[in-house]
Amino acid sequence: MKNETVTSQTISEGALVTLVEKGAAPSPARANRFAGGIWRTLRSLSLKQKLGFAILLVYLAIALAAAALITHYPWAINRTEQGLTARMEPPSSRHLLGTTDLGRDLFSQLVIGTRATIIVGFLAAFCVTVIGTNMGLLSGYFGGWVDEVIMRLVDIAYVIPFVPFIIILISLLEPSIWNIILAIILLFWRTPTRVIRSQVLSLKTRPFVKAARVAGASEWRILYTQIAPNILPLSFLYMTISVGWAVITEASVSFLGLGDPLVISWGSMLNSAFLSGAARHAWCWVVPPGMAIVLMVIATFLVGEAPEEYANPRLRER
Amino acid sequence: MYWRYLLRRILTLLINFWIVATLIFFMFRFLPGDPTAMFLDPSMTAEVRAGILERFGLNRPLHEQYLLYMQNLLGGDFGWSFYYNRPVGEIIADYLPNTVVLAVAALTVAYLVGVVGGVLLAWKRNSRLGEWGTLIPLFFRSAPVFWTGMVAVMFLSYRWNLFPHRGMRSPGYMADNLLEKFASPDFLHHLALPALIAALYYMGLPMLLTRTSMLEVFGEEFVDLARARGLSERRVMFVHVLRNALLPIVTATAVAIGLAVGGNIVIEYVFSWPGIGREIVLATQNRDYPLAQGMFMVIAAAVMITNMLADMVYIYLDPRVSF
Amino acid sequence: MSNILLDIQQLSVTYETARGPVQAVSELSLQLPRGVSIGIVGESGCGKTTLAKALIRLLPTNGRISGGAINFDGVDIARLSPKKLRNMRWREIAMVPQSAMNSLNPVYQVGAQLVETMVVREGMAKNAAWKRAGELFEMVGINPSRLHDYPHQFSGGMKQRATIALAMALSPRLIIADEPTTALDVLVEARILDLLRDLKETYGLTIIYITHDLSVVARTCDLMGVMYAGKLVEFGPTQQVIRQPLHPYTMGLIAAVPKGDIRDWEPVAIPGSPPELIHPPEGCRFMHRCPFATATCSVDVPALAEGAPGHWAACHYLHQAEQMREDARIPLTWSRSLAGAVEAI
C-alpha cells in the first residue's frame, strides 16, 4: 500500500516528501505493530528456539497448575503409620521422591518450587528488560549528557561484583522474594542497556528516522514509534536469557540461606539438603531440584541462542 | 602512547573504586536494619555502649564518618571485625591467598580446556563430537555450580571416597613453609575437587565462545589461503584461526570474571574452603558489617583490576586497535 | 618433457545445495602450455572461480570434482591423496587470491606470513627465510623495511604485491590469479599487471588469470578462454579471439566494450541472464540469449571445434562466424534472441 504523491517542489524536497509519505503514513498495521512484531518474531524462530520456548511453557503450566499437581501440602510434616515423623524416607508410591529430614514431601516441594522460580525469573527478567531497554533507547537516541550519565551508571553497575552485592543487600534488607527481585534488577539492567544502545546508535541515522523528523514528529514520538519496534525482537530475546540468569541467581541466594524463609524454591530445597547433612547421600533430594534448574536455564539459553554472543565485543563498546 | 592509555585506565579504575566505596558506605548507613543494634546488647550499660560507639566512630556526624572511612580505606585500614575482634585487614590477608589459589587453579584449567575444547568443537563441527559436544558446556553453564558441587561431593567424596569433602587441608595438618602450605599432596588433594567443579562451571563460556568465534573466522579468506599454502589443518586451526578467534574471548573475560566471583563464593561455601568468598557469606550471616564491607571492597578491586588487565591483553593481541 | 603443463580433461565440478546438485563446471577441457599466460573470462557465476578452486582442490565443503581429470605435468591432481596434495600445494601451484584485502591474516606481520610458508614447507632456517622474504618483497616492488608491518598498514596495491610475493615464495610453476586487480584503481592495476608479466618472463611462469574484465586479458594474456554457464565456449590466442571471435557470446562481450572512436561505437548489451545450473538447458546453454540460435541449438550440445588454427569454439555455426560478427556489432541484433524477445514485452 503505497501513498506516494510527488509534489511540485524542488527535487530534493520532493524526494523527502515522498519518503515521508511512504514511511510515516499511518497504516492500519501501525496499531498492532508491537503485537505484530512479537508474533512475527515467534514465527521466525529456529527449531532450537522453539524447543526452548516449549520447555518454558511446560514450566509455566506446571507453576499454574501446581496446586493440583502436588500430592501433599509442601510444608506439612508427614507421619508414618506408626505415628512417627516420616524422616528421610526413600522414594515410594506415597512420597514420589521421598521426604526431607523433617518429614516433608519432596515431590510436592519440587512442584511448588516452580512457582517461586517462575515469579522471580519472569518478573525480574521483565523488569530488567524494560528498564534496560528504555535506558538503552534514551542513551543511544538522545546522546549528549543523557548518554554520559547513563553510561557512567552502566560502568558502575558493571564494576560492582554481583553476588557479594546481593548477599550484602539482602542481609541488610530482610530476606524476601521481592528483595531478591529488586537486587537482580538493580544490577542486571546494565547488560541490555549496552546492547540496545548500540542498536539504537546504528538505527538513528537511517533515512526513515530523518523522514519522520521532517514530517514533524516529535523526538519522543520517533523514539517510541519508529525506533523502539525495531529493537523489540532483540529486547525480547534478551528477556528470555535474563530469565535464566535470574533463576540461577535466586537459586544461589536461597542456597546461601538468604532466601525468603516463607517461600519454597529449588534453591531453598538445596539449602535444606545441605544444612541437614542429607547432601551426603540423599540423591533424590539433591538431584531433582538441580535438574529442574538446569533444564529451565538450558531452555532459556536455547531461545536466546548462545548467551555468550551478547558478550561479543561487536556489541560491547570499546 | 601505551603508557598514557594505561594511566587513563588506572585513573578510571580509581574513580570507579571510589564510587563503589561510597556506594557501599551509604548502603550500610541508609538501609533499614540498624547496624549498631547488631552488636549492641540491650544488656550493656550506657557507658559500654558509648565506648563501643566511640571506638567504631558510629556516634560522629555522617560526613565525618565518611571522611574517616575514606581516609582509613586509603591507608589500608578496613575497620575492625565485630565477630572476630581483629582488624579486617588481617582477616582478609589470612583468607585471600586461599581464594586466589582456588580461583587461579580453576580458571587456568577452565580456560585451557575451554579454549582447546572450543577449537576442537569448531574443527570437528560436522562430526558427532562436534554436534553433540556443545551440550556439555551448555549443561555446565546452566547448572548452578553449588549443585554440581553437592552432587560431586555426594558421589566422589562420600560414596566412593576419592576426594575429601571439605576444607583446605586435613585437620591437624601443620605446614612448615609456603611450599608445603600450597603444594603438599594433602593440599592438592583438597584442592582438586573444588577446583574441578569450579573449572567445569567456568569453562562453559570460553568453550562455547571459542567455538562460535572460530566458526566466524572460518569464513575469512586468509584461512583458505593458509590451506592453499599447504599448511597442515592443525596449524591452520591453532595458529591462524585461533589467534583471530581469541579476541572476542578476551573481551568476554569481563563476563567470565563476574561469573568467577559469584561462582567462587558459592564453591567455597559448599566445600568449606577458607577463602574470602566463604567469609563474606559468614560475615553477612553474622551481621559482621565491617568485615563484609572490607571483603566487598577487596573483591570489587580485584574485579576492576582483572577487567583492566583483560583490556590491556586485548590491545596487545589485536594490532589493529589504536588508542 | 611435454610442452603442456596443465591438461584439464572433461572436468566437472558439482556443488550440493539445498535445492539440489549444481554443476558449476561441465566437462571442461583445456590444455595449457608452459610459460604461457591465459585469461579465463566470463560473467559472475560462469564457473571460473570454481575452476580456480578446483585446480588447487580447495572447494568448499559442499563442492566436489564429479568427473574428469586435471593432469599437472602428468600427475592427476583430482585424484591425489590429501597428503600428496598438501605437498604439492604452493610448491607447484600457487594462488594470488581475489581481494588481497582479506587474504592476509590480520594479526600477524606480513613478513612473518611469508617466512612461515618457507619455514614450514621447505624447512628453511628462520634467518634465511627472513632474508628471502626481503628479496621477495624487492622482487614485487615493496621496500623490505615493511616486512614487519601488519596487513592493515599496507595500501590496497601493496597488499596485492604482498600476496604476489607470497605466491612466489616457494617458486611455483603455475600461478592462478583470481581477479587480481578487481579491487584496485586503474593506475595500480596497470602496475600490478606489469609486475605479473615481468615475473612471468623472468621466471618462466605459467599464469592463469581469472577475470571478468576483458581489458585485463587483452593486455596481459597470450591465450584466452571464455566460459559461460560452466562450459568453455571459446579458446584461442587472445588477439585472435578478440579480433575474430567465433562464439556469439564472445562476440557479445567484445561488442559491449567501447573501442575505437566512442562517438561511432554503439553499446551492446546481451539481454537475459545465464541459465540456472540446477536444471541446465538441453542443447547449447547460450541458446536462449543467442540471436543466431536455431532449432538445432536447442537439441544438440555443441562440442569445441577448431574454427581456425589453434582457435576453438563450441558453436554449431562456426562457418558463419564472419557474418555473425558483423551482425553482433549492431545492438538491435541482440533483441532477436529469445531473451531479447522476452525483455521487449
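Just so it is clear, A, B and C label the chains in written order, and each chain counts residues from 1 on its own.
Note that in this section a contact is a pair of C-beta atoms (placed from the backbone, for glycine too) under 8 Å apart; a residue touches a chain by one contact, two chains touch by 3 or more.
Source: prediction; values computed, not measured.
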Topology of the chain contact graph, where touching chains are joined (line, ring, star, complete, other): line
Chain pair showing more contacts of the two, B-C and A-B: A-B
Chain A and chain C: spacing of chain centres that average the CA atoms, whole Å: 54
Centre-of-Cα separation between chain C and chain B, whole angstrom: 56
Approximate Å spacing (C-alpha centroids) for the pair chain A, chain B: 24
Contact footprint of chain C on chain B as seen in their complex: 126, 220-222, 224-232, 235, 239-240, 243-244, 317-320
Chain A - residues contacting chain B, complex: 155-156, 158-165, 167-174, 244, 248, 251-252, 255-258, 267, 270, 273-274, 279-281, 283, 286-287, 289-290, 293-295, 297-298, 301, 306, 308-309, 311-314, 316, 318
Footprint of chain A on chain B - complex, ascending: 16-17, 19-20, 23-24, 27-28, 31-33, 138-139, 141-144, 146-148, 150-151, 153-154, 158-159, 165, 205, 208-209, 212, 247-248, 251-252, 254-255, 258, 261-262, 265-266, 269-270, 280-281, 284-285, 287, 292-293, 295-296, 299-300, 303-304, 307, 321
Residues of chain C touching chain B in the complex: 56, 58, 61, 86-91, 94-95, 97-99, 102-108, 116-117, 120-121, 150, 152, 163, 166
